[in-house]
């Protein structure tokens, strides 16, 4: 695929730019599907025409322009590509756990396009994942929004370059355990978490002012102003205050959610999404009023104290209170059946099909700031699509084909054994070790912050 | 003094209407037993086909009749028109009741210290009041095997019904001694031992297991011969697996380990069940040939190897069943055992088929445990463990309307539901008034 | 070990002083001074530069400078003649980036007020002011082993964290000489995080690198303003900024250690963003970035090593494995073949590359090059990678890389064409100093394998092990008692800082394989840890494994061998 692009680019006389490589775009006509547009209702026996990676037409009896492949989807369901607003798939590092604020680190630096988890997510219909920094810090690193263009060897090609910047925050047990109890520095309590946030933002304000003063004097005659110390950490916080970055905050308890809303109000931060949000249902009206919503688990609870008083009805309560709600995975396993996770909102709260589907499509797209580009089947949007055998909210549903930008990256009929992109030359094949460490989670890489020996073998959950 | 008492009583009275209002319409505060007639349902018996417009009569904790014309004047009638009756679902492997909050060690009771501890009884540590039990049973999972973990012989697993206030009330009539079969795999990615070394280590581990087993055998022989033996609770319990009094539940996953386990079992003349078996599909024919039943799962799980197809875990049960293995499904869960029907649905979609998938969480585990006379289907004479739902309980869209366990009508409530009821329309809402 | 090196260094310095004095006094009571610094290797086959045919002739050099070469040289009377009739002469090899002769400085004590989220630079591994020259010692086995492998010049990098310091170009020459050719030629950098403090992972390292770089730029701006105006606050340049200045001002490049294609991309993206000069070093797995390397025009030093064939060799016959195992075998084999082919792909892409000796074993160096040649690399490109390419990357082409009149007298003299499997190195000449090596007769059976001699077990081993929690280190002390061994091991205390020592048990030595066990108490549980390793000379490579938890790679060096082995 990449080779082909290089040849095409050469033919067209285009220079290949390293940092913004041309990503593959496909054309296809999918015919006779039940089209679940999510935003515009369900369309029976409908065709969707994709040209050059964009949905060009949605209607009946569309004819394929010459050279465009037709796929018959009679009896099948077509839905927008599933979007996971919380994942750690395809990251070589998840946590820079060493300081309570590490806003300067960028997950884009450590994207790994070879990870098998990308393909497995595609096989579950997921076309976009939000590759997040972990939850060891009050303010973690900047996340990367990925498009699952499997097969590329260039991280830049799987990063969704037109997605806005987002950053990870984390409240509660994880940052207080890693720093307060693990390292003996603030925060050790939820009071400390709030203080770290407020300290950080106030310092960022001072930092911003320092630079404004310097820049206004710089270059003028007789200037004696010297440059302040450059600090990308504070610069990033200043960017948050300037509304340039969407905050995605790992949170569980209602009190800490409410706390962050108040901090955000005090600092004028409006781009705020809560992640996990297990007790979000208790402050649903407040989340609905002030934030860009909540991204939650379908039914996870009880694995630690701060999720003990949860309910599987969380998503339904949030939705009914007007919160933009999405269902996420935070797991390389769950990401493969988000359609099923979303369907649990029908068991726990009786949500409609459109409500349930929007939780894995248009709602996460809104929370990632990409709803104008993806998240529904509409003319003009990027052609991220999944064909299902069976309605995607049925427990028996099986994804058949997954497209990103009109290019098919998963086809159940062409699924061969061993999809690995990278095989080590020194790998022992047998006897096998059954590994489970592929299931990236929020507290990956923080082991060094607990006791050396025990720490190395602790299994951490979210 | 008097005034204080008066004030106190007054405030109590003021509280009363509030308490009454907090009670939810139609919610019973506790499970109730009695005589129930479930009328005009579609009954999915599992073993005797699907019966339309059929009624089921429950009395004395049992299913007394299944038929179209049941008259029971003294029974409480529950109209089930348009609804479906299924047998209660059985999860063949969980840690339900043995843990409350897994990150809080003080609440984790499934793993005891020591390598040979078959005398550790899961049943005695089951907490009947665990929140997870109330949250599980309204999904229609009425019965689970709860299994300790840890060393080579970590303890004795027990089948429990999810109703009752003491472990004995919950006990479902089946126990098994658990064995974690020694693994011959590499210990991790860093493990670059030569094949010979791995073989040696594996042989060493097996040798150790054999020594312990032989010890139990000797213990049994001497005991049977009437010898007065020193107190030895580990061997006393393990010898029950040797004699066949209790089955041996062998937890084993990697293909080569399964093969070794089959060999190990050969000629031992014991009752054996395999559990886990995530790579069973690689050696399905061999398991079938050995005639060992399997409780596999979780189904919603990552493939065990990077090179495996993405659906390796989804399709495992189907592949084993096709090869002729008797398959039941487990979640291997604690707080989310309620997902058992969904694990079964995934197995169904990826090769097992709907009918077999339903069996894998009803009659198959009952048969594997040897309790099929009481569990696993809707038939007269069996225990009254039933689910009434608006549709296929393996579909998330279906609502579970009623659950009966041992003839008790279970309140369709739990903390998750109560929180829903309280917070769906919170009061005060956004602004206090 | 450190002490020993230090001693050797002092002895070397003393000797250097003594020799230079003796040059004046014309006396050398050691009897070791060479009688003449003029040499001629006569009638040998000379390969003067990569791609040139071998020509029969004589090479004449004096005091480290090549005086001439050719068939009809007249030799001065003081020339010491080395008959080279059956020998082959090549330019001395150059190591583009190595750690030969480098001893890691002692870890600094953490200050009392240490805060792991903002540690002092020198503790967090940011020490750009350090120079490899200060960590280098010419004496010792490392230099000797690499010289024996034909290496005459090495750009040595200091040992340390993410920015350990500056590299220096060293001659692997006589202990009596000053061997520094060029100092502070490049800044060494890598993606290695600091253990248990900021920055602890590659993602933190990249952020920290940006910050250090940007603040150096600002500090230089500040200094400039201070120099040109009055009333400006005094600049307080930190040692880190002072150490980084030459990089920011584009005077010297950064040698980034980047083993994989993803690391190569990371280093290049930092370079594109910040604008420094870049050399990539230690490349191991780079097939997919060859086009990128080519288009970026960045010099590369690939690892002088090929993957071990343990996995490929251990594959079983098709008849005894299942079809999916067979398919996976094929993929590993394919990956192995690809790895060997990469160097030839660099050549095909027209990228002049050199080698880095970091992590490579001197004894296997030529075997690695031969493997690359077998997999498509031309002999010309191989020789260029050992000589002219690194000379050009290091900016020393004027004096090194080829055999030419006026250049430095650095040669490799071998018994056969150097890339032949049977070729042995008989002499290495560095800066005109002659080093002779024993040439073994060809083994009668031709397999060249020597018998396993007795291995050295007893003594003090310094080990490091890479665990998921980071690297841990300590000492293993083994004592021989009769035919058995006993001893102890120190390791990082699981419940805090510092080290604990535990007795070891079940020591077994089987051929070259050493294994033993010890118990660790972690949170009330006793964990048995097994260490197994293969001893090669004074090093051991193996694993540390903990039942149920996994195995982790371990390396150890014998720092003070016991005499009772």
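We call the chains A, B and C, going by the order they appear; numbering starts again at 1 in every chain.
Definition applied: a residue touches a chain if its C-beta (ideal position, glycine included) is under 8 Å from a C-beta of that chain, and two chains touch if they have at least 3 such contacts.
Predicted model, so just to flag it, every value in this text is computed and none were measured.
Closest to the protein's overall CA centre, chain by chain, comes A.
By number of C-beta pairs in contact, A-C leads over the other of B-C and A-C.
Work out the mean CA point of subunit A and of subunit B, and you get 34 Å between them. One finds 58 Å separating the Cα centroids of subunit B and subunit C.
The distance from the centre of subunit A to the centre of subunit C, with each centre set as the mean of the Cα atoms, comes to 41 Å. For subunit B, residues that reach two or more other chains under the stated contact definition are 186-189, 191-192, 195, 307. Contacts with at least two other chains are made by residues 310, 314, 324, 328, 331, 549 of subunit C. Multi-chain contact residues of subunit A (touching two or more other chains): 417-418, 420, 426, 428, 430. Those residues of subunit C whose C-beta lies close enough to touch subunit B in the complex are 310, 314, 322, 324, 328, 331, 466, 525, 532, 543, 545, 547-553. Looking at the complex, you find that subunit B touches subunit A at residues 100-104, 131-132, 135, 184-189, 191-192, 195, 198, 202, 253-256, 278-279, 300-311, 334-336, 338-339, 341-342, 345-346, 348-350, 354, 394-399, 415-417, 419-420, 423-426, 429-430.
The touching residues of subunit C, counted against subunit A in their complex, run 115-118, 194-204, 206-207, 210-211, 214-215, 218, 221-222, 225-226, 229-233, 235, 261-262, 265-266, 268-269, 272, 288, 291-292, 295-296, 307-308, 310-312, 314-316, 321, 324-325, 327-329, 331-332, 334-336, 338-339, 467-470, 472, 492-496, 520, 522-523, 527, 546, 549. If you check the complex, the residues on subunit A that touch subunit B are 116, 119-120, 123-124, 281-282, 284-286, 289, 299-305, 308-313, 316-317, 320-321, 332-334, 336-337, 340, 343-344, 346-350, 390, 393-398, 415, 417-420, 426, 428, 430-436, 438-439, 461. Across the interface of their complex, subunit C is touched by residues 113, 186-195, 197, 282, 307 of subunit B.
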